[in-house]
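Going by the order they are written in, the chains are A, B, C and D; count residues from 1 in each one.
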Amino acid sequence: MAPRALDTLPPRQADAAAPDPDQLRDLYRLLSNVRQLDTSAVAWQRQGLIPGYAPMLGQEAAQVGAGFGVDKTRDFVFPTYREMGVAYTLGVNMVEYMSTHKAIWHGGLYDPVASHFAPFQAVVGGSVLHAVGWAHGQTLNGASADGLGVGVAFLGDGASSQGDVHEAMNFAAILKAPVVFFVQNNGWAISVPTEQQVAGGSVAARAAGYGMPAVRVDGNDVLAVVEATQRAVAHARAGLGPVVVEAMTYRRGPHSTSDDPGRYRTLEDEKIDGGEDPLNRFRSVLLTQGLADASFFAEADAGAQTRADEIRDGVVALDSRPGSEMFDFVFQESTPTLGAQARQWREESEHV
Amino acid sequence: MAPRALDTLPPRQADAAAPDPDQLRDLYRLLSNVRQLDTSAVAWQRQGLIPGYAPMLGQEAAQVGAGFGVDKTRDFVFPTYREMGVAYTLGVNMVEYMSTHKAIWHGGLYDPVASHFAPFQAVVGGSVLHAVGWAHGQTLNGASADGLGVGVAFLGDGASSQGDVHEAMNFAAILKAPVVFFVQNNGWAISVPTEQQVAGGSVAARAAGYGMPAVRVDGNDVLAVVEATQRAVAHARAGLGPVVVEAMTYRRGPHSTSDDPGRYRTLEDEKIDGGEDPLNRFRSVLLTQGLADASFFAEADAGAQTRADEIRDGVVALDSRPGSEMFDFVFQESTPTLGAQARQWREESEHV
Amino acid sequence: MSEVLEGVRETAPTPLLQLSMQQAINRALGEILESDDRALIFGEDVGVLGGVFRVTDGLQQRFGANRVFDTPLAESGILGTAIGLAMAGFHPIPEVQFDGFAYPAVNQIITQLARMNYRSRGRLPMQVTLRVPSFGGIRAPEHHGESLESLFAHVPGLKVASPSNPQQAYHLLKHAASMPDPVIFMEPKARYWNKAGVNLAADEDTASLEGSVIARPGKHATLIAWGAMVSRCLQVAELAAEDGIELEVLDLRWLKPIDEAGLAASVSRTRRAIVVHEGPHTAGLGAEIAALVSQSCFDTLRAPVERVTGFDVPYPSGDLEDEYIPNIDRILFGVQRVLEYRRG
Amino acid sequence: MSEVLEGVRETAPTPLLQLSMQQAINRALGEILESDDRALIFGEDVGVLGGVFRVTDGLQQRFGANRVFDTPLAESGILGTAIGLAMAGFHPIPEVQFDGFAYPAVNQIITQLARMNYRSRGRLPMQVTLRVPSFGGIRAPEHHGESLESLFAHVPGLKVASPSNPQQAYHLLKHAASMPDPVIFMEPKARYWNKAGVNLAADEDTASLEGSVIARPGKHATLIAWGAMVSRCLQVAELAAEDGIELEVLDLRWLKPIDEAGLAASVSRTRRAIVVHEGPHTAGLGAEIAALVSQSCFDTLRAPVERVTGFDVPYPSGDLEDEYIPNIDRILFGVQRVLEYRRG
């Protein structure tokens, strides 16, 4: 399914230049690291190290490309449960990120404020409106010389069906908020294919109805994603309002480690619909442009393996949080009732 | 604000022919009756007969035109709180309809099943999804020789912001349900003008994003509304899926009898934005076509006055419902707890 | 657990089938679709996949994609569509995939589903059976372990049931689906996979499917529970029995309407009560139970009704789940408190 | 009602302003916007119109359309935007126009607003003050008379307050807005227009704004209420006094956290309690109060706690409103039951 092109974003210089050769090689390293970490996490689950995981296999280009287009010093990312690759690209502490999959803390242990990466979000469509609110806050704060901070909301094709996503797009367009709605259309919402989910066939096509520009891009082409994201972010940063980016990609793995895709699609389908591996595609680009050779890839892939192993060690070492933390973070200012419950819990469960 | 035309509904014979001269005169009678009843109801509120009312002044052509395009023997209308004119056109018992404004029964006393007119709905956007479900039921029942029953959902420009409306449009388009989303864009949602409500400026323009056809029509031209509605209903009836009709009209009165529009718009604005009175416009049409003369209008308007007076008498005569009915309609099969509460209520409040 | 205690009349001996609750519900759904051609099943992933818990496994294949279908990912859309289908004379059996994803549908459930019969003065009955895999205990991600019973039970116009074992799930669901009013059917997902004997024939006596059941008789105190907490309370009763303490376990089964008479009958015998639930403490359904029992057994109660519940904290991540959900220790502490209570 | 009973310290005599609750809240909002430049007010019709109850009247003119603005008609959108603004360091004070229209926002309130502080381990505090004109009594259309307190009080991570008079509304709102956690502020719309004396200076002692207050002292039984039911209970107490029955009226004020100590102190003195609320009976907040009091005053209570509440029926149309909301007669019947109760 080759993505139909759609591009209503007015041509405009992106803030950032196209990636230079060093950045291109960095992009490959990121892709490789993310691929390695993702497949490792699936293995960790099989080995019993973590109870579950939501693989992003096949979406590496979309996620690394999107993350690369974001300025992590002043933009803010609102992820779902599948944005491991964005987190990695933005430099989120990956051991702390993985803690949520180890069932240690729902939102993850990483610091969302320092990371500019909101807590892990399990409600489909739950955080899209937050991006709009955060972004409107940037407008209220007023632009600096180089423009506004941009809220980047991640959502899937399935999420696009939620009422909240519509409300978010309408609010953003009415408020002219600096938001990028970054849709990963990966063909599936668990077992439901996009055709049975997204009436009209494209989330980007909805943007026009809100008077918003949109770009529909080949989500398995990392450079195309970088460019689309940079352009969208630049548009929002300049105070010109929200943009939809729809990256057409494919969820190559199961929905999660407890899913069984064999019940709703064949391996044959996967092969045809998945298309060429986004990493292979980018390898060809680098080779063709003479920017990398086999030894570069070998080194990058080995580095990715090392990095994944380091993260694994960190995840292994992660201890459960003390039960008392259940009570500690409910409020900034606790209440007498909660205090009494915490005391009772301590007496009965910690026998103190 | 002259409505920008928008028409993506494939040209297709409507089931029903354009109104013949008798029907045209009937349309005028309906318009006049509805205008008279509406202005009377405002007066009833001032006189203390009813505690509140939501006038539809200025929307007569939109409502009578829409109602005229609906087949009340097999379609089903899902109104909001402002569709008095549609109810009238469909032949709903108007005393029973007005009972809701007399604070007698929230949904109105009329029989929604017999009337093909769902209960009065106070939640903005609340019933739009019901139309989709009802319509999908018609698909499941299978079409008769002359097609499907059509669900007609009424909603305002304000309602279009609700997540439920998006979910309804997406579900309808995915299910190819025979629904017409009839939007009365009357310029206001209480004090908020459409420009601050509907990003992109038009609800009809959203339809394309769902792969749905839409017609944007001058909602103060009753014949244009009849035609658009008939075409939309015919499209849905033929099993071709949902359609959005956006009737551009103007709420000439206050939002409700407790609203004070002077706080957010001037009389000058009202005059300019309201345009020519839809009744006057249709009078000119009938006069120009030689289908009616001054005595016809005088007679029709006098009839409308008589009819409104009859309804007033009925509304005056309406008694409160007995308190026991609070308990009677909660369930089809009551429960022991509720039975006990009803007994206690009787003992304490009726002293039996 | 004897059949008599399950409230089901003795019938001609039927071989018991060993079924998990997930299988028992699947079987009940198949029979409902078979006997009632207005019945429709829909929701996220219930069709081709057969549901994330396989509760609707095979039903689309058997009954076709008109009767069992996948919807877009929108819970309000699912419920609103169900309401419209009920208005058109169908009997929708929608699923919300997990408890925590019922919140987006709360507006349709409270302002529409629960009120349509009332608003229309009985002319638009809502025979809608809403299945919600519910409660915690499976180490799942955030929002997959919620207890919404007190929210639902508070809403006039809704009925709410929760089965505790496969036998009950099978009959209770068929019964709920036969009712002409909206029923929220809360399936304890932690119990989906435990097998137990199911007597398919035992559904003749409808009355036996109303109200609560005594899952284990006892005399020193009554443990009141529903869903997955029933089997935990049975374990507690087993342990307490070793110390000579005979705990009665009352399986509430219907969370709305609540079997006030059954509660009063049990506690007026045992004179002590502990209500156990997973949901947060404040304004949980345990408060209603405690208030009812404190009133109906005012003269006989020998100790304040204990509530052993989830804490007033968001449902925690898997690692802390066992600290949050009432565990055997915490329930035993509650039992101890009611048994040792002495008027001051 | 003396100032001491309102829990406010005596200060240098300040002339009391005669304000309605709507004016008192408007005044408090103005002061909040003035003193906290991160504070923002938004919602449906709160800007140009000044709110359908004029509670935000004049604030957009005074503070500009950046600080006080109208949103599109979408409650989930309003709450979700508020959460994002709080993440960006603002202090949103959104309004939901009527109680019954908070349901579309329940998902954002429960799964996001109430949990963001927890989920982020305290790094993303949610200083969001959500105003909701609440409860019934004004003969309004459907969904304009709902009581959502038991729903909100059940949600871990939320705090819930409801004022009963203008003085309290003014100070309580300012206090709630100063808290770094989400507070749902339920304004009893039936009391918006009644004027009473307000001492603007009496807010120095923050502690006095926590917990409940005794609105009228008494000794034969305690009436427990909040919102518009407080003044109704004061009327009842007035009537009962004519018969020599001295009823204490406890104004709960905070519906979460509940002032357990204050409840226990009052009822252990009066030994009888009646809780009064508008919302439906089953699993209403009255159940929590009854459960708490039944436990804390187990030894002293002389009669079961009475609950005089709305019925388990949808909030009815204006004509039946007085049959639904606890009226003076029904409250007096409840009082009679606790006073005449004799152990069987």
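The rule is short, and it goes like this: a contact is a pair of C-beta atoms (placed from the backbone, for glycine too) under 8 Å apart; a residue touches a chain by one contact, two chains touch by 3 or more.
Predicted model only: the values in this text are computed from it and were never measured.
*Asks:* Taking each chain's centre as the mean of its C-alpha atoms, which one ends up farthest from the centre of chain B?
*Replies:* The chain lying farthest from chain B is A.
*Asks:* Could you state the distance in Å from the CA-based centre of chain B to that of chain D?
*Replies:* Here the centre of chain D sits 37 Å away from the centre of chain B.
*Asks:* Could you please state the distance in Å, as a whole number, between where the Cα atoms of chain A are centred and where those of chain D are centred?
*Replies:* Comparing mean C-alpha positions, chain D is 41 Å from chain A.
*Asks:* Hey, what residues on chain A touch two or more of the other chains?
*Replies:* In chain A, residues 105-107, 120, 123, 161-164, 167, 170, 174, 196-199, 325, 330, 337-338 touch at least two other chains, as defined above.
*Asks:* Residue numbers in chain C touching 2 or more other chains?
*Replies:* 72, 74, 76-77, 100, 104, 107, 111, 118-119, 142-143, 156-157, 256, 258, 282, 311-314
*Asks:* If you connect every pair of chains that touch, what shape comes out? Choose line, ring, star, complete or other.
*Replies:* Here the contact pattern is complete, since every chain touches every other one.
*Asks:* Looking at the complex, which residues from chain C come into contact with chain A?
*Replies:* Residue list for chain C touching chain A: 44-45, 47-50, 52, 70, 72-74, 76-77, 100-101, 104, 139-144, 281-282, 311-314, 316-320, 323-324, 327, 329-330, 333.
*Asks:* Residues of chain A touching chain C in their complex?
*Replies:* Those residues of chain A that touch chain C are 51-52, 81, 100, 102-107, 120, 122-124, 158-159, 161-164, 189-192, 196-199, 258-259, 263-264, 320-321, 323, 325-327, 330, 337-338, 341-342, 345, 348-349.
*Asks:* Going by the contact rule set out above, which residues of chain B touch chain A in the complex?
*Replies:* 161-167, 169-170, 172-174, 196-201, 205-212
*Asks:* Report the residues of chain C in contact with chain D in the complex, numbered from low to high.
*Replies:* 100, 103-104, 106-107, 110-111, 114-115, 118-119, 142-143, 150-151, 153-157, 256, 258, 279-280, 282-288, 290-291, 294-295, 298-299, 301, 303-305, 307, 311-314, 341, 343-344
*Asks:* Within their complex, state which residues of chain A touch chain D.
*Replies:* 76, 105-107, 109, 111-113, 118-120, 123, 126-138, 140-141, 151, 163-164, 167-168, 170-171, 174, 325, 328-333, 335-338
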